[in-house]
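Chain nomenclature is as follows: A, B, C and D, assigned in order of appearance, with residue numbering initiated at 1 for each chain independently.
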Amino acid sequence: MASRTVSAHGALRRFLQDTRRRSLDLAAPLSDADASAQSMPDASPAKWHLAHTTWFFETFVLTPHAPGYRAFDPAFGFLFNSYYEAAGPRLRRDRRGMLTRPALAEVLAWRAHVDAALEDALDSLADAARARVMLGCHHEQQHQELLLTDILHLFAENPLAPVYAADAPFPAAAHDAAHDWAAHPGGVVSIGHAGDGFAFDCETPRHRVLLEPFALGSRLVTNAEWTAFIDDGGYRTPTLWLSDGWAWAEREDIRAPLYWRREDGGWSAMTLRGRMPVDPAAPATHVGYFEADAFARWAGARLPREAEWEAMAAMAAVATGAAAETPALSQMDGACWQWTQSAYAAYPRFRPAAGAVGEYNGKFMCGQFVLKGSSCVTPAGHSRPGYRNFFYPRQRWQFTSVRLAKDI
Amino acid sequence: MASRTVSAHGALRRFLQDTRRRSLDLAAPLSDADASAQSMPDASPAKWHLAHTTWFFETFVLTPHAPGYRAFDPAFGFLFNSYYEAAGPRLRRDRRGMLTRPALAEVLAWRAHVDAALEDALDSLADAARARVMLGCHHEQQHQELLLTDILHLFAENPLAPVYAADAPFPAAAHDAAHDWAAHPGGVVSIGHAGDGFAFDCETPRHRVLLEPFALGSRLVTNAEWTAFIDDGGYRTPTLWLSDGWAWAEREDIRAPLYWRREDGGWSAMTLRGRMPVDPAAPATHVGYFEADAFARWAGARLPREAEWEAMAAMAAVATGAAAETPALSQMDGACWQWTQSAYAAYPRFRPAAGAVGEYNGKFMCGQFVLKGSSCVTPAGHSRPGYRNFFYPRQRWQFTSVRLAKDI
Amino acid sequence: MASRTVSAHGALRRFLQDTRRRSLDLAAPLSDADASAQSMPDASPAKWHLAHTTWFFETFVLTPHAPGYRAFDPAFGFLFNSYYEAAGPRLRRDRRGMLTRPALAEVLAWRAHVDAALEDALDSLADAARARVMLGCHHEQQHQELLLTDILHLFAENPLAPVYAADAPFPAAAHDAAHDWAAHPGGVVSIGHAGDGFAFDCETPRHRVLLEPFALGSRLVTNAEWTAFIDDGGYRTPTLWLSDGWAWAEREDIRAPLYWRREDGGWSAMTLRGRMPVDPAAPATHVGYFEADAFARWAGARLPREAEWEAMAAMAAVATGAAAETPALSQMDGACWQWTQSAYAAYPRFRPAAGAVGEYNGKFMCGQFVLKGSSCVTPAGHSRPGYRNFFYPRQRWQFTSVRLAKDI
Amino acid sequence: MASRTVSAHGALRRFLQDTRRRSLDLAAPLSDADASAQSMPDASPAKWHLAHTTWFFETFVLTPHAPGYRAFDPAFGFLFNSYYEAAGPRLRRDRRGMLTRPALAEVLAWRAHVDAALEDALDSLADAARARVMLGCHHEQQHQELLLTDILHLFAENPLAPVYAADAPFPAAAHDAAHDWAAHPGGVVSIGHAGDGFAFDCETPRHRVLLEPFALGSRLVTNAEWTAFIDDGGYRTPTLWLSDGWAWAEREDIRAPLYWRREDGGWSAMTLRGRMPVDPAAPATHVGYFEADAFARWAGARLPREAEWEAMAAMAAVATGAAAETPALSQMDGACWQWTQSAYAAYPRFRPAAGAVGEYNGKFMCGQFVLKGSSCVTPAGHSRPGYRNFFYPRQRWQFTSVRLAKDI
């Protein structure tokens, strides 16, 4: 979370303004009811995202650092604290959909109130407080992605299959349809956050890792390939699966990626543009770790390790400047998050940030797997090669996909 | 459900208009979000009530009986069928809160469309179809009550404790605070629906029952009496409880009526007027069968049987016209529904109505108990002495209370 | 529970001896492991039955009424109290299978110790205490039936389908295969316990009930008829079912009576004699209330009311002495318990027995249905026309069946 | 699983005989009922362990490799297959306690039958089959440990707290009570199985890992230290816990290690010797990953990584031969398994063993954490520094403990 050097004042102000405005833009197509519903405990209402990100600035910037600031409504702390034990008690996560009040309009008024106070305070904030503003912006970007994936999940529950926006993002097919392998020689590589830019605490400290030689797939797995997996009985063959994965698939009757439905003319999938035929060339998405791992085994390959993915991304970045020997790696970002086989865990000498924001990442280091890259709904500039996204194996409502790996 | 004789045309038209308009009035204080949220599987969103009652007229009156009528939106049948197996598949009951679309405005447009079609068709409908209109009105009245109890449950989940309306109904205290006993000599009495007016199928046929002498309490149990039960350890004494009730109370940690919370100054309760101090003189409400039964045992009494309540109501009706020997029975209706110890079951020679509406009542005759009377949120004129309301013992979100009974 | 007059001393002694010995006989075919396992929370290990019935005599007869008696092992009270809140805390019902100790041999030693003490004390016991001995014997008879049904359930869980005894009881086919109707004119009848013999408290007081004319089936429904119900889609047709029943059947994937399995050559069923082909002429058994009710509806009939069954049994008893006009009613007892549509509830002026044994019946009067008659594993002489057995609608492991009823 | 070189014939025969006999010795104190009960889905009946290990030899050695061998009972495959999908269907794991038949005596007869067949076949087995015998012995050793931990769990459920054996193993206190830190300089180390001895497939291949400098605690955490953690509110302080851990502790009401109970005179714990006072000097045991992690955070330290533990064990082994600079590390084995912060995952270039035994380890590589060392109930010689035990964070019934680590 530590932003090593705080951006120049003007840049931070602009980043803050852009970020705050973009959240409003994302919510614009939603009705009050759309914005208030919670489709599952993993998801939150859009209104809650708008409110929680505001609470974050109010609680961690304005209240402690802006003299004279008064909370907009003292009751909101209980409603919109997500999981910060140090910040006090809070509404049960699975009851966020009960908050039909405050109305969306009231939340927007709160946003304006906090935005104005931030605007006033920004120039006089000390560096530590300005680092919190920066953190708050990156935090809000994360919730922008969640706002979209949560709305997709909600709309997918509705038999009417509403359209969020006719031009909403979707994961695009790779430019080159052929699947190739990009090799890496292994050896000692450095991973984790480098340089002065912003990073979350869990991306630090940068450290060395020893890798064996390996190769990564040049693009993500496509829907055509995933359909072949289905047609070959991939979801019915227990020996392809992890034990916990098979139990999950049997219990939940999992037979295809989330949002897929078999129609007369083939598979369709719910998207932010409504229900659409599955595009064979597009990357398979909304797959969980369990089925990603089973797919890789079926394909005679495996999932990448986090350090492999990151080392390859660094090498590709270097290669781009010259005549690269390796085939181009496409879809490393901007399409779908990519499951790795690495459990989300602390880097050597990891230290959570001080204070309540120290709960941001560290306490989730159990039972989840790292995903690398970014997705079609990740805000531009939000991710980076050292970025560590993480989800439970069963979770499928994010734009998640598979890039294969193998030993060489 | 059989309306023995169909009301005069003008009266039916007026009843239909009044009923339909009243639903709109009840929804007026609600935002789109308020109207779309579902707080538990037992409850439904207000918008769903508005839509389902409309679906009922469309499905059971207009489509079969109004030549040329076209359904407003064919998709709505799946969304707003409640539980009629014969009317086709339907949305899972616990997912009604996912319907942020159709928007409230669209549901209102549907209502107007159906209202206009009913208006046009009414005069030319055959008697059987007019009986369905009458049924649809009484059905909508039931949902009007549910709309209010469901909103109360939703608002009670919200830490902000929103006010539905500053002048919303509440169960009033009895005129006479003293508790007395009204005796009945027993013998063969007739219960069930009599006369030509409307009744639901489960109220028929009228039949004879043999009763032993008994007495009923002259008023409902008050909050002051319920507080004494709590203070005497009523919720901690297993020997006062049915076995299933004690298991439920332990599992759910039940210590007071639903919506009660102990505050510094005593008990408060969530109401349609927001959170209010508990009024000692008002009837105790939002109690389930289990605690009603435990309370009665604690009080050295028992719950009434359905036939006892109904026979007493009939006697009281007669007595009103003359110099009644028995003390006045107050709060027989208009305050709270009153738990009886009678399981909801078929009357001798009961025959469910023909067709899909035969699922209205009969298939619920298992595991539920009859409640008699009516509540402060029951539409005027909706109930009658033979009326049979029914809920599961664990259910507490209706305006339910206790009238004591004893053998004499 | 009130035994109106206490049996002559010799008769009670003999009843006690016979009852206690019969429990040992029933357990004789069981290994220590068989006797210790619990196959579901509704069932108990055979060893637990042997111990609990002993605890009953120790707790309710010897400790309070036999001067100088010392409990065999003070720890056993916690282990073998079933549900008597007034008798102190106890092991969770679903953990009875954890009691691999005390060993079966130790429980048998306890039984001998208690038997000897009862033998010594019997002559000097006051009437109230002798009534408790009588109650303890009838209580033990109930557990004898449970011991057998619980072993059957355990053995049915074992893929080896062990045989309890090659000559174990089973429900026999009716002498006359034809199904006829026995009519009753209705009117005011008296039901409940009459006379001086033993009865449980819930069978009292005897009271009058007013019945409409009705008829009962002359025999129980057969396996051939049940197979026709299955083949006609009875388990797949929601409109035949109660709403709760259909939800249960869907959730549990219920498609046939408990213990039935479709084999190549037709249906087989697990029995106390091992897995056997289903006998078309034998009564259908191990059916729950929900499917019993659905079957009756499918057959164009209904289930009997408790008072109808009992009144018919009384009439049949009278008719037997003369030239009966009605066809013989077979299988009224000794084959299978017969579901009635009557919820298990208190008779008018019912008073539970005083003291802890008052928990015997009264606290279960919620959510269960009355069964009449007796089964092939009910001890001879245990049941009577006024006997009230009761189970939850979902329960199927008893020898339960269906006798049809209809209005006439 | 690959045993690189097969032991000399005589040694294997002796290992087999010793291993098979030891299982019988462990079961000797158990009654038929003790041996047949299952206390939770994670645990198995002792009889099942005796049978399953026998099934393993029959299925993977005798049937494929001993010409003319006939399975003792074809039904046993279904009963005693644990989780090998490739070996066919099997009894649900949580129903193993239903197998009161086959009786213990019959299982012992099966064991004798298989032992005799193995004895006959051993000399003529090819190397691959002899490797399977070796695997079967190590497999049986694992079940010997489980047999004891499962019996402890069963007996802990019994309010009588039975004694397994008066001289049963327990985790002994360290010789030196003082806690010191043993430093390691880090760098590139090799971990994983080395040499020709037996190892499970998941311990291979040996590979290099880059470590930062670190230190490990010289002994395990003691009960005195754990009591201080409790007394300091460790189980009530959410900021010490992983998010999932806190949710688990709240849901399950976890307040102390498994088997601990607060008595008047302090803490007692269930052991294989019955319920005993907690020994302050003995290592804290029966703690799960969640509380191990919380304890380490409370202590200002962290849990070791798997490679750190293994590298330190290797260094200690070297140091033992000379004048070691580091303080002696005690309790590395023979007391309690030691939680590491390393998720159980595949080593680089890991390949599961071929055939059905390939399901032995690989399919469990999700959601579990590695434990190193061995416990007081691990068979002598079974473990080694490269050994990888693994359990879910919530599991506590093994002899698990904490060795602290820190960065230096």
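The criterion applied here is as follows: a contact is a pair of C-beta atoms (placed from the backbone, for glycine too) under 8 Å apart; a residue touches a chain by one contact, two chains touch by 3 or more.
Predicted, not measured: the structure shown is a model, and the values here were computed from it.
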Smallest count of steps, each to a touching chain, taking chain B to chain C: 1
Far-end chain from chain B, centres as C-alpha averages: D
Between chain A and chain B, centroid-to-centroid distance (C-alpha), Å: 47
Between chain C and chain A, distance of the C-alpha-averaged centres to the nearest whole Å: 59
CA centroid of chain A to CA centroid of chain D, Å: 37
Those chain pairs that satisfy the touch definition: A-B, A-D, B-C, C-D
Chain B partner contacts - residues on chain C that touch it in the complex: 83, 85-86, 188, 207-212, 238-239, 241-246, 289-290, 293, 302, 341-343, 345-346, 348-349, 359, 363-367, 393, 407
List of chain D residues in touch with chain C within their complex: 31-37, 39, 47, 75, 78-79, 91, 95, 97-104, 154, 157-160, 162
